[in-house]
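Letters A, B, C and D mark the chains in the order given here, with residues in each chain numbered from 1 onward.
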Amino acid sequence: MPKLRKLPGLDAVEEAVGRATEMARPVVISTGIGGLTDVTAPQTIAGLSMVGYVARLCARYGARLIAPARMPYVVPVETEIIQTAFNEEGKTEEAARAGDMVQYLSDSQFSYTIAYLGILRREKPGAHIMVGGYWAESLQLAEVGFTAGAVQIAGTANTHQIPFFVAACDYALIGEEIYAAGAYLSKDPVQSGSVAGQDIGKAIALILMVLGIILNAAGVTYFLQLLRS
Amino acid sequence: MSFYKRKEIPILLTTFIALVMIFSTFFKVKAAQDFASTMQTWVLVIVNFTVILGIVMITRMHKGRIEKRKPGDNSWIFSVWLIVLVVFYFLLGVYGVESSRSATPTRNPAFAWVYTNINVALDSAMYSMLAFFISSAAFRAFKARTKEAAVLLLSAAVIMLYNAPAGSVIFGPLAEQFNALSEWILNVPNMAGFRGILIGAAVGAISLGIRVMTGRERGYLGAGE
Amino acid sequence: MNMSFWKKLEAVDVRLIFLVIWIAVGIPLLTPLYLPLSISPDTVKYQAAIDALPADVVVVFGMDVSPAGYGGELGPQARATATHLFRKPVKLIFLTFWETGAPLIEDVWKNKFVVDAMKDKKYGVDYVNLGWIPGTETGMASFATDVWKTLEKGDYKGTKLADLPMMAKVKTISDIYMLVCIETGTPGGPEYLRQWQARNPQMKMLVGSLGVSVPANIAYVAAGQYISILRGGRGATEYQRLLGIMTTADVMGSDAMTMSHVIVLVFLIVGNLGYFATRKAKPAKT
Amino acid sequence: MLGIYAYALFALAAYSFTYRDNVFFKLAEHTYLAVAIGYTAAVGYGYIRFTAVEPIITGKNMLWIIPLVVGFLFVFFFSKKYFWLYRFPIAMITGSGMGLAMSGTISAQFLAQITATIGLPLVVVHPKLGFQAMDTLNNWLIIIMVIGTLAYFFFSLGPETGLGKATSKAGLIGRWTMMIAFGSAFGNTVMTRMNLFIGVYKNLLRDYTSFIGLAVLILVVATLQGRREKKPE
């Protein structure tokens, strides 16, 4: 089983949930405004696996969980994930209330944002976790989360929003790191294998690149043409 | 019964659709491409259906808030307002669709008025609120706590000056060198950094896709882990 | 330095920051401040190149613009450039390789400064509008080798080139002295370089660029292929200022923009000053 | 006319969030949610009505029954017993989404970014100006920085192994590159964001009286409300 490099952002999740519990404040987690229908689907799925992990921690520590959602069709998915997590931790009574923890806000971007900001201001979460596809609302959520006093851990693969998470949150997951999160947190050998798979993918990218550069410099353009087609 | 409840059938469905969609992009086979485009419109129908269900979801949520209201807290009134308005506005839209016999509810002038004067106004107001948060972030978050943070801060400041209409006044005769530095930042490290992140993220997304298609990642079907 | 002042500053209520923005951006929107506007060297070179045009040479105005670009940064650029060109004693050819660009050419002509500059000019003699030429890069190549054959359909209203006196001496790309291209994307500058400048290396090029494309376009200026560029909305404002065609609304918008950037930078600097001033008091954290 | 007042009221009510939570903000928030949800639902209704239902009614294309039935399965989410039926529409949505995502990322993100890097000449010679030292250097830097950034994302090589040490060294280059990139991206967005705000601000100033009147009203109410809420403990 390969030993994984430390990802401080992911290690911090448990502590953040613990801190929220001590302060008797809720934990807010969201999966972004991407859905499952387009190129951002992988980011949403990465966010859902984070929901599972955080829900389990909340069940274990007894923290209140709030999961704002943008797409109506993600609501049943998140509800079931949270229900399963609470059940597996033996909190069947709370599990039955999973439906109340997931809040459908609105599927239009900024009315989702306005309601989300309202939640952050009124509920004053102790921990605020965002993993998934975020757009212009990223900085608004992060800044208001900060003023609410939450420990914030955020990650996205939308390159233009990463800088805001890096600047405004306590921990940021950059691009690919959100895809490694599920495997990293599960500490399960099969899952770690998939992280190794990601590394192999990057190795392939590196080899293609170096080989291409050398061939190109040597005047062989066939390889480049092949990749372009 | 329990057989149908199992997740294998949905996973097979997901995998099959995904495979055909990928196949149709890289191999121009007409049948596959037709399947892919049909599937996309079907998915649109399904998604739009869930959007209508969103009204039920939000109504249920706010009904709960009205029922659980505490004495002294009047915010439940807003929940009543929301339920009334959402139902009324939706029905107005349906009326607009049916009366104009077109897919666009904005053919109804009342529906369109509310949309442009409330929805569009709030859209632009919320979006532009970023100006405030950019400023507060500049004040509190951009601090040279570490060497890395200092680099981040410097490069942000340089590009901001570069973009400001009066920016290069400050540099006087060195304005041209300053512009060259800014362009170098944008064309070399900025481009290379985001390119590296994009390639890495693509690898991550593809590997997640493979996990979904092999049924190892089933979070989207409500499985905890 | 008074320590407590910095400490207070470090813990300042974020709402005070928001209030400062309302005021700082609001003032220039109420009364124009005429803040100093740095004129970047590129804009000066851009203006000088048009100023230096000899009489009676043929200049092509490529309006390769999308409506979104025109509504934003490129509209002011196009109007200022057209004003300046109409003030010079040169022959002007308006054209576009973007289908969306054709109606925008006529929109440029409606601007009050442009109207003013073109009042002594005669259509067909001093300027023509060839409208949209289809085929993107292929269309460019075809225009370069044989203008008349490419434009058998005539100008934008269907008038034959034979009926446009100034077109008599425009047969191929060699007859073009300068190209001014206001560009949104592809086809744009790089395509003109390949199809036009490659065939007529003497042809001078100026490019009006979107803000986001400036870093890419600057490479062509450095390589000597473009004489100069206009840098996005900022370049447009600078050029308007140089030509003396700025309206009060333009001044207010540009002042508000300057103020907002200054404010963000001040926050950045003050925030860091506060951080360093208070840090010494606390034990260093790693 | 009413439109200008509605615009000013709702825009200012939204902005009042930056001061404190208040009744005007709550009003704007709930109105916005209701209108946005009602709007998309009505558009969704229009879409389904004329894309799927119309061909069935007219008998042109009966296949549209399939997505309608599958979509309808979502309703079972509200049932305790048959809730699992919602998984079928989700499976279809996700299948199509993942298919698009994977083919899109492979071509537009993975291959395109790699070929763009390969295409950089290692020695830049300009036909007129000759050897370009600066461009040559920059191309080398780009290649090194892209590789460094990629190296940063290696997770499983183990910190003790030789390969692991090498990648973490290269990853340092990546970290610095990314920090510069993040800073410049932040700096680059200030202009567009400020432009948006200036646009709304200009719109609000079209009518001074309503702007100032509404702003004062909201501020006073929000302040009073804040005082009253603080008192009872």
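Just so it is clear, contacts are C-beta pairs under 8 Å (C-beta built on N, C-alpha and C of every residue); 3 or more make two chains touch, one makes a residue touch a chain.
The model shown is predicted, which means the values in this text are computed figures rather than measured ones.
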Checklist line | Common touching chains of subunit D and subunit C | finding: B
Notebook entry, point to check: Using C-alpha centroids, which chain lies at the maximum separation from subunit B?
Noted result: C
Notebook entry, point to check: Given the contact rule stated at the top, which pair of chains has the most C-beta pairs in contact?
Noted result: B-D
Next item on the list: Kindly work out which chain lies most centrally, taking the average of its C-alpha atoms as its position.
Entry: D
Check: So, what's the distance in Å between the C-alpha centres of subunit B and subunit A?
Finding: 14
Check: Any idea how many Å lie between the Cα centroids of subunit B and subunit D?
Finding: 4
Notebook entry, point to check: In angstrom, rounded to a whole number, how far apart do the mean CA points of subunit A and subunit D lie?
Noted result: 14
Next item on the list: Express in whole angstrom the distance between the two chain centres, defined as the mean CA positions of subunit B and subunit C.
Entry: 32
Next item on the list: Two or more other chains in contact with one residue: find those residues in subunit A.
Entry: 35-37, 42, 45, 73, 75-77, 79-80, 106-108, 110-111, 114, 159, 162-164, 166-167, 174-176, 180, 198, 202, 205
Note to self: Two-or-more-chain contact residues of subunit D, please, as numbers and ranges.
What the structure shows: 14, 17-18, 26, 28-29, 32-33, 35-37, 39-40, 74, 89-90, 93-94, 96-98, 100-101, 104-105, 110, 114, 117, 143, 146-147, 150, 153, 178, 181-183, 185-186, 189-191, 194, 197
Note to self: Touching at least two other chains at once: which residues of subunit B meet that condition?
What the structure shows: 43, 46-47, 50-51, 53-54, 58, 119, 122, 126-127, 129-132, 134, 136, 140, 142, 152-153, 156-157, 160, 163-164, 186-187, 194, 197-201, 203, 205-206, 209, 212, 220-222
Next item on the list: Pick one for the touching-chains graph, please: line, ring, star, complete, other.
Entry: other
Margin query: Run through the chains and report each pair that touches.
Written below: A-B, A-D, B-C, B-D, C-D
Checklist line | Touching residues (chain side subunit D, partner subunit B) in the complex | finding: 2-3, 6-7, 10-11, 14-15, 17-18, 26-52, 63-64, 66-68, 70-72, 74-75, 78, 84, 87-107, 109-110, 113-114, 116-117, 138, 141-143, 145-150, 152-153, 174-191, 193-194, 196-197, 199-200
Notebook entry, point to check: Quick one: in the complex, what on subunit D touches subunit A?
Noted result: 14, 17, 21, 25-26, 28-29, 32-33, 35-37, 39-40, 74, 77, 83, 86, 89-90, 93-94, 96-98, 100-101, 104-105, 110-111, 114-115, 117-122, 143, 146-147, 150, 153-159, 164, 168, 178, 181-183, 185-186, 189
Note to self: Looking at the complex, which residues from subunit C come into contact with subunit D?
What the structure shows: 15, 18, 21, 25-26, 29-30, 211, 219, 223-224, 253, 256-257, 260-261, 264
Next item on the list: Over in the complex, which subunit A residues touch subunit B? Could you list them?
Entry: 35-37, 42-46, 48-49, 51-53, 55-56, 71-73, 75-77, 79-81, 83-85, 88, 100, 103-104, 106-108, 110-111, 113-114, 136, 139-140, 142-144, 146, 157, 159, 162-164, 166-168, 174-176, 178-180, 182, 186, 190, 194, 197-198, 201-202, 205
Item checked: Parts of subunit D lying in touch with subunit C, wherever the complex brings them together -> 18-19, 126, 128-129, 132, 135, 190-191, 194-195, 197-198, 201-202, 205
